[in-house]
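Take a look at these structures.
In the two assemblies presented below, chain A is common to both, partnered first by chain B and then by chain C.
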Partner chain A sequence: MYTSLFYKEWIKARKLLLLLLVVFAAAVAYTLLTTIKQFHANPVAFWEFIVENNSIRTGYMRYLPLGAGILLAIVQLTPEMHNRRLKLTLHLPLDESKILCSMSGFGLALLSGLFILSGTALLLGLRIYFCPEIVYSDFIASLPWWMGGFTAYLLTVWICLEPVWKQRIFNAIPALCCISLFYTKALPGAYVPLLPWLTVLMTAGFFFPFYSAIRFKHGVQ
Partner chain B sequence: MDTIIQCENITHYYGQKMIYEHLNFEVARGKILGLLGKNGTGKTTIINILTGYLKPRAGICRIFGEAMERLSPAAKSRIGLLLEGHVQHAYFNIEQIEKFYSRFFPQWKREAYYELLKKLQVTPVQKISTMSCGQRSQVALGLLFAQDPDLLILDDFSMGLDPGYRRLFVEYLKEYITAENKTVFLTSHIIQDMELLIDDCIILDFGRILLHEPTSYILERFRRFRFDSDAPAFPANDILRNTERIGTHWETYSFASAAEVERELVKNGATVSRLSEDKLSLEDAFIGLTGKY
Partner chain C sequence: MKHQHIIRIAIVLAGTLVFMWVVPALVKLGASSPQRYPFVYYSSVIEQFCFRETAGKTTVRRDASGKEYTEAQFDSIMPMLYYRQLSVNGAMPDSIQGRAVTMPEIRQHSFTYRYTPVKTASPSQGLYVMYESMPRRLTIESPGDVFRMKDGIAFVDIATNTVNEEKSALFAAELEKRGYRFPAQWSQGVISTKKPYDEGYFSLDAEGKLFHIKMVNGRPFIRDTRASDTVEVAYFDMSLVADKRFYGFLYDTSGGMYMVESPGYRLIKAELPPIDLKRDEVMIMANMFFWTVSVTTPEGRHYYALENRRLGKVDETFIAATPDGWSKSAKWLFPVYLTFENHNSEYLKPALTFTAWTAWAGNLAAAVLFVLFARRKRKNLLRQGGYILIAGIAGLIAILITPDEN
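Now for the complex of A and B:
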């Protein structure tokens, strides 16, 4: 049964996944090529920047996880809410919370795969030129962006599942505030003390869609 | 006799607008019950309550003895649900949707689905979103046949279908439910289609059940009476329903015999002549019971 649920999500998301793979691959390639270009163009200035900022300027990827999370949630949930097809999904002979977990779980797994793949490619590419300490520091600095992608996905699922349009707008406001926490401009590494709190926020996001689903089940209009 | 659907004291409001108060009805195993009502009387609301997608203000519905809000997966597997407009997961193609549903139902009858779809001018890889409403109705019906549920809940199954597809849908459905002794709860705004299918009939009026009787009883007993009279008006009561002047003559509807109707008409001193009696179709009976407006 779970295989079947994942199959349904796969049919909805596969084209977007292909698009995201291309975009992320292009972004990784662009980031690496730009870094290499800067490295060779003016090595002294480049190293000076790294030493001063403790970062390699991989900011081209900054908003990609966010976009991926939002788009994936929309692609998965919009067909379910159109004509209230979610009724058909929730009518399947399986516990409703398990159905919702499977749908969100599929999206999170897809995003994880995409983020791990592109993140690993980026870090391995950088590792050719930079020592592990610098690459690790860059990874930690970019971690909130990746976490923001997961959180944006979960909060968009929450908004999409909400049955009332007006309430969707009300939901979008705290969601935007919450997501903006992951993208506040700060010196690289300044986020490190906040990472546990951002993890809590991201984890809490998993439970939000259940509230919308309960409202949908109660026929709130 | 087993009760498959049981609704007790259902009360529901949309905001301040009352939809029902203390609605009670039951559907026994093997019965085909049609829910009739004008627009806005709450037919889809009842379907939503029954399937657990609307929490009524008060009351409870049970299907297979389980409360509608907490239907177990086992109970759900015994209920075939057709949404208004034959809505299905339109991003699938014909093969994909069969593959998707088949894994949820151990008794899945793949051949029943493909048998029905053989007659459609569609390819197995055609997306449901590109199909006409009529073709979609056959896909939805094929999926219901393959699921082989004990209870079918069909919400406005005629919606969007042309006469050909409507007839096709009704014929296949009739054959299936008769052969398999299924219980069916359905609504439709095309009452001629219902007449071909249903054993029992609930007619909803605004806020209440106007009538819950076997269809055969309504068709045999409910009559339209035409007559001439110089009376300015006739009082409405249990015998005379929706009495109104149509041009130069009068019309009334009743379950009573012609003699009883005549007695009732002249009771207040009115003169009545040329009283005639007509048998009715279910649609005419529906109009007679609920009025034209």
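Now for the complex of A and C:
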């Protein structure tokens, strides 16, 4: 049963996944090439600028995880909500919670793969030219953006599963506020005290779609 | 599907926290206004604080006794500030307080210094640049490496991205010889080639001893400042001044502020009340006779005049902060609100701020209105009303936008 469920999700998401892979690879390549070019122009001045200004090189990636999370949730959930097809899925001989968990889990796994792959490639590329402190600074500055991608995915699933349009707008208001928390302009490392709270928010977001699904199942219109 | 009730509670709680942050932030954006203080400077001629305040197109210049001055008169009583204008007008006095003054001398002994709490609450990469403190030419040149200083000292060569073992060992040996104990607590210096001269770094070791570390002729120069013999060091702020009279300002853990004299590292305590490094802003405008020190606290701005040699207090005044629209409205609207950003810190962290008990009246009004208007549409009316009484406007919005259970 799970294999069939995952296969269904794969069919819905595969084209988007290919597109996201291309976009993320392009962004990683562009970031690395720009950095390499700046490095070779004047290595000493470039390093000193980084140390003096506590600047980062991963800025081009900032909103990509957010876009990926939102798009993946829409691609997975729109066909389900069209003509209320989700009803068929929820009638499968499997606990509804497990069905929802596998749908969200599939999306989170895809995003994890994409984020880990591109993040690792980027940081390893930067490590060739910079010492661990500078690479760590890039990592810690971009960590909230990756977490924002997961949260955006879960909250978009929550909004998409909601059967009533007016309620979708009401759900979108706190969701937008929550997501904006992950994208505040701050120095690298400034998010460190907030990261445990963002993790709690991200974890709580996993359970929100269940409430929309319950309302859907009860036929709220 | 199980746990519908628990998930709804989680959504309402999350929504409440979100609106406890967003709604006050929007009100603050519209209602708050920056504190406006007049420009204050201690006159070395009349030996009083002088104030310049601009309201619209009118500028009022007065001294502490209330006597008003024209622009030209104001220039003449503050020659340490307006010496260039006075010199152009041919009105610059030859001597002040019985001491002959020249423009180069005034420039040499004048400086400004600013401390903001952000300086001690800002993330750092932990990398520094060790410039040559006695360069062959006047300009400061980049050394081609950076160094880390935490569990040890290591210089990283920029071109190869590898540790320069020889230079690292040279500095590590000298640090050990001088009694520096790792891990370092912090290191403070000015990272820029645009500075007038280099004095390296001041670093607090694991035992709370403050060391001066710099590079002279390619060799390490490391000295124990012995500051920890008399004070418990909290922070050091390097300040590069034209006359090289001091290295910077040292703050101790009880809020005392000291000038660290150059050379010799003698500490001269400024006669100021304790400074809260996490909250207070300090601004110094110094000249060869007096220092005008302003200490901005949430209650208002304190001004102190210190004599230049011993930093003893000669005068003080205080201007209270005026409450803005935000502080007036918050104490009626929000008993508690949530913030993530703080102008005293670069870090983002959640903080709950309590305003006043009067704001519970607003909560009561919100709860009563909810019960009256939603009594036919909502389940568990009293329980939700009680929640609004506690959580206020944020709780009301969260409950209104979260649908009831089926």
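The rule is short, and it goes like this: the second predicted complex is superposed on the first by the 216 of 221 C-alpha atoms of A that agree within 3 Å, B and C clash if a C-alpha of one lies under 4 Å from a C-alpha of the other, contacts with A are read in each partner's own complex, and residues count from 1 in each chain.
The working rule: contacts are C-beta pairs under 8 Å (C-beta built on N, C-alpha and C of every residue); 3 or more make two chains touch, one makes a residue touch a chain.
Bear in mind the structure is a predicted one, so any value in this text is a computation, not a measurement.
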Could you check whether chain B and chain C clash or fit when both are placed on chain A? fit
Please compute the chain B to chain A to chain C angle from C-alpha centroids in the superposed arrangement, rounded to the nearest 10 degrees. 140
If you stack the two complexes on chain A, which partner ends up touching A:V192: first (chain B), second (chain C), both, or neither? second
Once chain A of both complexes is superposed, is A:H218 in touch with chain B (first), chain C (second), both, or neither? both
I'd like to know which partner A:E48 touches here: chain B for first, chain C for second, both or neither. second
Which touches a greater number of chain A residues, chain B or chain C? C
Chain C versus chain B - closest C-alpha approach in the superposed model, Å: 7
Residues on chain A lying within both footprints (that of chain B and that of chain C): 217-218
Chain A-touching residues of chain C, taken from the complex the two chains share: 1-4, 7-8, 10-11, 14-15, 18-19, 21-22, 122-129, 142, 144, 146, 148, 156, 158-159, 161, 191-193, 340-341, 346-350, 398, 401-403, 406
In their shared complex, at which residues does chain B touch chain A? 14, 48, 51-55, 69, 73-74, 76-77, 79, 81, 83, 85, 87-92, 96, 99-105
Please output the residues of chain A touching chain B within their complex, sorted ascending. 1, 3-4, 7-8, 11-12, 79, 83-85, 87-95, 216-219, 221
Residues of chain A touching chain C in their complex? 43-45, 47-48, 50-52, 54, 96-97, 100, 128-131, 133-134, 137, 164, 167, 170-171, 173-174, 177-178, 181, 184, 186-194, 197, 201, 204, 207-208, 210-211, 213-215, 217-218, 220
